[in-house]
Amino acid sequence: MPEVPAILRRGLPWLLLALAAAAPAALSGYDLNLLARFMAMAILALGLVLVWGHGGILSLGQGVFFGLGGYAIAMHMKLADLPAGEMPDFMVWSGREALPLWWAPFGSATFAIAAAILVPTLVAALFAWAVFHRRVGGTYFALITQALALAFATLIISQQDATGGFNGLTDFYSILGFGLASPRTGVGLYWLTLAILCAAFVGLRWLTASRFGMLLRAARDGENRVRFLGYSPVPFKVVAFAIGALLAGIAGALFTLHAGVVSPALIGVVPSIEMVIWVAVGGRYSLAGAIVGALAVNLARDAVSSAFPELWLYCMGALFILVVTLMPNGLAGLLKGRAA
Amino acid sequence: MSEAVADLLLAVDGVTVDYSGFKALDGFSLTLNRGDRRVVIGPNGAGKSTLCDTIIGRVRPSEGRVIFRGEEIQALPEQAIVARGICRKFQAPGVLPTLSVRDNLALAARRDRRWWKALGTGIPPAERAAVDEALETVGLTARADVPAGTLAHGEKQWLEIAMVLATRAELILLDEPTAGMGPAETSRTADLIHSLGPHRTVLVIDHDMSFVEQLGAPVTVMHQGRFLKQGSIAEVRADAQVAAVYLGHAA
Amino acid sequence: MDLFLNQLFNGVSLASLYLLASLGLALSFGLMRVINMAHGEMLMLGGYLAWATLLVVPGAAGILIAMPVAFVGAAAMGGVIQTVLIRRLSARPLDTLLATWGVSLVLQQAARDLFGAVGVEVRAPAWLEGSVELAGVVIPTARLFIIGVAVAVLGGLALILLKTRIGLLVRAVNQDRMMASATGIAVGRVDLAVFCLGSGVAGLAGVMLALLGPVTPSVGQAYIIPAFLVVVMGGLGSITGTTAAAVILGVFAALAQLFVDVSVSQMLLLVFVVLFIQFRPQGVVAVRTRQLDA
Amino acid sequence: MIRNKLLLLATSVAAAALSACSGEGGGGAAGSGDTVAVGVLQSLTGTMAISEITVKNAEMLAIEEINAAGGVLGKKLNAVVEDGASDPSTFAQKASKLIESDKVATVFGGWTSASRKAMLPVFERTKNLLWYPVQFEGNECSPNIMYSGAQPNQQALPALEWAAAQGYKTYFLIGSDYVYPRTANLILKKHIEKGGMQVLGESYVPLGGTDFSGVIAKLRQAKPAIVINTLNGDSNVAFFKQLAAAGLGPKVLPVMSFSIGEQEAQAMGAQLVEGSYAAWNYFQSLPGDANAKFIAAYRKKFGADAAITDPMVHGYLDVYAWKAAVEKAKSFEPDAVRKAAASLGGFPTPMGTVSFAANQSLVQKAYIGRLKADGQFEIVSDSGADIPPQPYDALAFPGKTCTL
């Protein structure tokens, strides 16, 4: 297999950056918003490269952490536009008398942003520790995360008077004083998303190159070998899973700002497993690949489902089957020409 | 504390390992003093590997205790036991195939294994010396930056021995270290074990008689998970019971 | 008090549904350490085959004929999925999860295109209508019939595994694939046989589910997550483990509904499984293997 | 060499895809040339597809009929169809695509409350107009939405009045766990207690849930006179099958359903639900030749045995109401159309003559039907006069009014 021209392999991230930087000028309001949503999803995809690619941990429940981040910001925005003490509209017609206690702190923006970052991370760390320290992993872990996604979505839907239930939370007007409707805020949020995406990319590139990344990959290839070198693989896997959840939470918060709605339909079983296919398509070991994968699959979904809706499920099914069997390293695999 | 007890490093006391009915170890006991060399031999299925598994914590004994420097360790997780200074070489080489030879050694040589200490890149100076020294002793310096997976079988065995040394463990368990090695390499391994010096204790599991002789260490014979005989290689060879066990007659 | 007894019976009935849905999964998982995410669609296929059979043979005996038809049909589909896809991915269990999820999406959409999105009607025959009253507990005959079928399937599987030659081969491969293939067992063919058997049982379960629930393209999704939880709790593919786990989870889910909403009981089910593996990570029935890295 | 070309293609595809999405919109602008773009936004995939595809068909039928009859203000309607994929954020995204990219004059669509709530901020931001065809929980009063579906006082309350008239004193509420059932039940509970009657129990099952063993056990213990069922989709099949298995079929225990139409009855098998009641503002069995003409036209295009449901008729009449309002306002501009529609007065539809009230909700009759073995509903009672829509229920949400 002729060696891939190095400039192209290292060039991909810079190519993406150049395109992303040109986008605000080139694209209309709607398309920029669409691209910003997909870039928020790409942040989550980067987290999956660390968790699934390098850590060997298949998580089918990233939607849970995506949702936690999204709901934290949405709860703040619902309270931000209301005079103190008043309840959001859906609580009134759900027959609620007073604002639930745990809603009150979300009035402050700093608390909400801190919650959008910390809550998914802590929940993930606790859940991962509870499962990994009993040496349960692999297929079992994947199935349990899927059950977690289902249980979380069902719980949110059932507590309608406190979480907006199946409707989710929507109808926001401003964040930190910036009106969501104004195009300037839209462009500002786009740059914020791009900045966080780049920061996550650089951060993960350093982390996976460090000894932490080395040991994470070693634990992926053979847990017992790592144990007999004196390392417990559990903290490495828990920290990787927690970082994946952190990025998913941030992605959820950003997506909610762009989409103007967060609902259980984004955090259930089906969306969570589709998040994995973005990374599979892009390349589970390559950070740049995962970004391209997330953008490509979401753009394809938007294009195909507009033109011939019933075909989209066949396309998605085929993506899952073909990419995973024939292209285990995804698009990036074609580029690098060898297994990572 | 009397002098004899002071230098008692390891005591395996009445250990039984039950694989749902099949007793790999049946009330087995063994003691090792600091600086000892011991070889454990016995026919296949005598429980030699299970003994190693039990000491290193990979298998939990259903009865009995394993005491290392006066502390009971049979209930500890593997990494805690390794951190206390016991290291083991597996029958099948346990090297990390995707990492380079040097990285394998670097991971073995690390003193502080907590995860946030692993966030730096490259090898800290303190451990670089131990890595180079280990490379030197097993003669893999030239192959230092090659992924471990591409090493020949013999070289993998050497790398793993080097990794065990790099951990600077006090008690070293070698499970058939010369499996798949030629005669020249086998004798080089014997010399290596001799050269480990008094501050290391080595327990070797093997049934390659020529290698056992080159080691010249006292021998413990195991049979069906139980202690059978102990003595110098000559005494054990002459013993009728051992010969019967090896040749397959009932003990 | 009889609400509790009623709910206990419902727990057993739910357990029989969970068992039928998860037996096939446990078999193939135990053997090949691989989970078929399209297992739910085998249930769906069983439902549609029952519908097709009832079109041809309406009336009382229809359901009895539908059972073997669904078994064979789903077994054949399972065989196709195994040979075309899962065999290629045997070394990568996690990737098999994703690939078979793709199969599940394709099968659902195909059913939607072939039979319509709205779902088809499967009517329980007259002799399954109504219920029997026993010591305050009302026992619908349909649920009793399903429990009977579940026990029969369990018995049949135990018979196959313990008494027949194929059963011996399956147990051998289950305990140690490497050793089994070393002794000349055609492991590939045993995998195929077990996979077809598992899918067949799922097809049969599909017929049973059609008696109590809808037959639509997405019915498989409703039963697949509880079936996974049963397999996770049941331990490494052992039939006794899976049965015990199905009974525990079925009764737990039913009794939880007495105190909390169905939605919350689903959350409790998951919390129960996560807590359970704290105490028995290897599942209900532990199988000790000596491999370095399972 | 081929591999190199392949990977160049791979990276350029990603780059092209990024820039392509800017050129994709480009549909005909409203009012320009001889066509006007209108949006049709329903779920064509996902769990809601079974209910929404037929509503999209009815909306397209109306658009085709209008184009055949010369269009509106001399312009042909160019229908831009988008898939909401049963996901609120997709509905919001596709709504802004239709309005900002395709420049549609108005949008017909939405089904679940979740999809409507997600689209609401988009329509209010862009000052466009959504025609919403499905019965819903009320409590909403936006100038940018024409609510043609029934308000609770036009479906749930007439059904309760009919049940009280039949002498049912004790009720058991069973619903799918989402917004419409929970809010409708909240209103019903207030009215049941005010009428001196009793609610013996209330249970919710997750959307798509199929295990009713617990619910039926509670039902059997409570022994209510009638069950009010707001289950949705597949759950109805499981509920009625397990009821029948437990010997509590509709003939033994009356059931009043709000989400079972002719289409759902056909799918479940009419015998299973025979004898159960439903409350709608339209039944396929309604007399009148406008209804017969509509059914024949729909069946000619979408299949001889197609069942016609209440939301489909509302989707169909929404398009005609929009046409009438545009012709009255002589402009496609949404705000003018909105005001014209609210003051349109009665206009003919397959449901008979209906009109939009000032609060942009439809004034319409309510009918109670009992399902026959052939899958059709026999109309057992109707509300007599038209019921003016009340977005906010006086008992449950006192003091709130909707003035636009």
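We call the chains A, B, C and D, going by the order they appear; numbering starts again at 1 in every chain.
Just so we're on the same page, a contact is a pair of C-beta atoms (placed from the backbone, for glycine too) under 8 Å apart; a residue touches a chain by one contact, two chains touch by 3 or more.
This structure is a prediction, so every number in the text was calculated from the model and none was measured.
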Task = Write out the two chains that share the greatest number of C-beta pairs in contact.
result = A-D
Ask   = What chain lies farthest away from chain D once each centre is taken as the mean of the Cα atoms?
value = B
Key: chain A-chain B separation of Cα centroids, rounded to whole Å   = 45
Remark   = Between the Cα centroids of chain B and chain D the separation in whole angstrom comes to 73
Key: Gap in Å, rounded to a whole number, between the CA centres of chain C and chain B   = 46
Ask   = How many Å are there between the centre of chain C and the centre of chain D, using C-alpha atoms for each centre?
value = 36
Residues within chain B bordering two or more other chains = 90, 94
Note = chain A residues touching 2+ other chains are 154, 157-158, 222, 224-225, 310, 313
Contacts with two or more other chains, residues of chain C listed in rising order = 112, 221, 261, 263, 266, 292
Key: Residues of chain C defined as touching chain D within the complex   = 3, 6-7, 10, 13-14, 112, 117-121, 123-124, 128-131, 138, 140-143, 209, 211-216, 218-219, 221-223, 253-254, 257-258, 261-263, 265-266
Ask   = Quick one: in the complex, what on chain A touches chain D?
value = 1-2, 4-5, 8, 12, 15-16, 19, 23, 26-31, 33-35, 37, 89-90, 92-95, 154, 157-158, 160-161, 165-168, 170-172, 181, 255, 259-263, 265-266, 292, 295-296, 299-300, 302-303, 305-306, 309-310, 312-313, 331, 334-335, 337
Key: Residues of chain A that touch chain C when the two form their complex   = 56, 58, 60, 127, 130-131, 134-136, 138-140, 142-144, 146-148, 150-152, 154-155, 157-158, 222-225, 269, 273, 276-277, 280, 310, 313-314, 316-322, 324-325, 328
Remark   = chain A partner, complex, touching residues on chain C are 29, 33-35, 85, 88-89, 92-95, 97-99, 101-106, 108-109, 112-113, 221, 225, 228-229, 231-232, 261, 263-264, 266-267, 269-271, 273-274, 277-278, 281, 292-293
Chain B partner contacts - residues on chain A that touch it in the complex = 206-207, 209-212, 214-215, 217-218, 221-222, 224-232, 235-236, 239
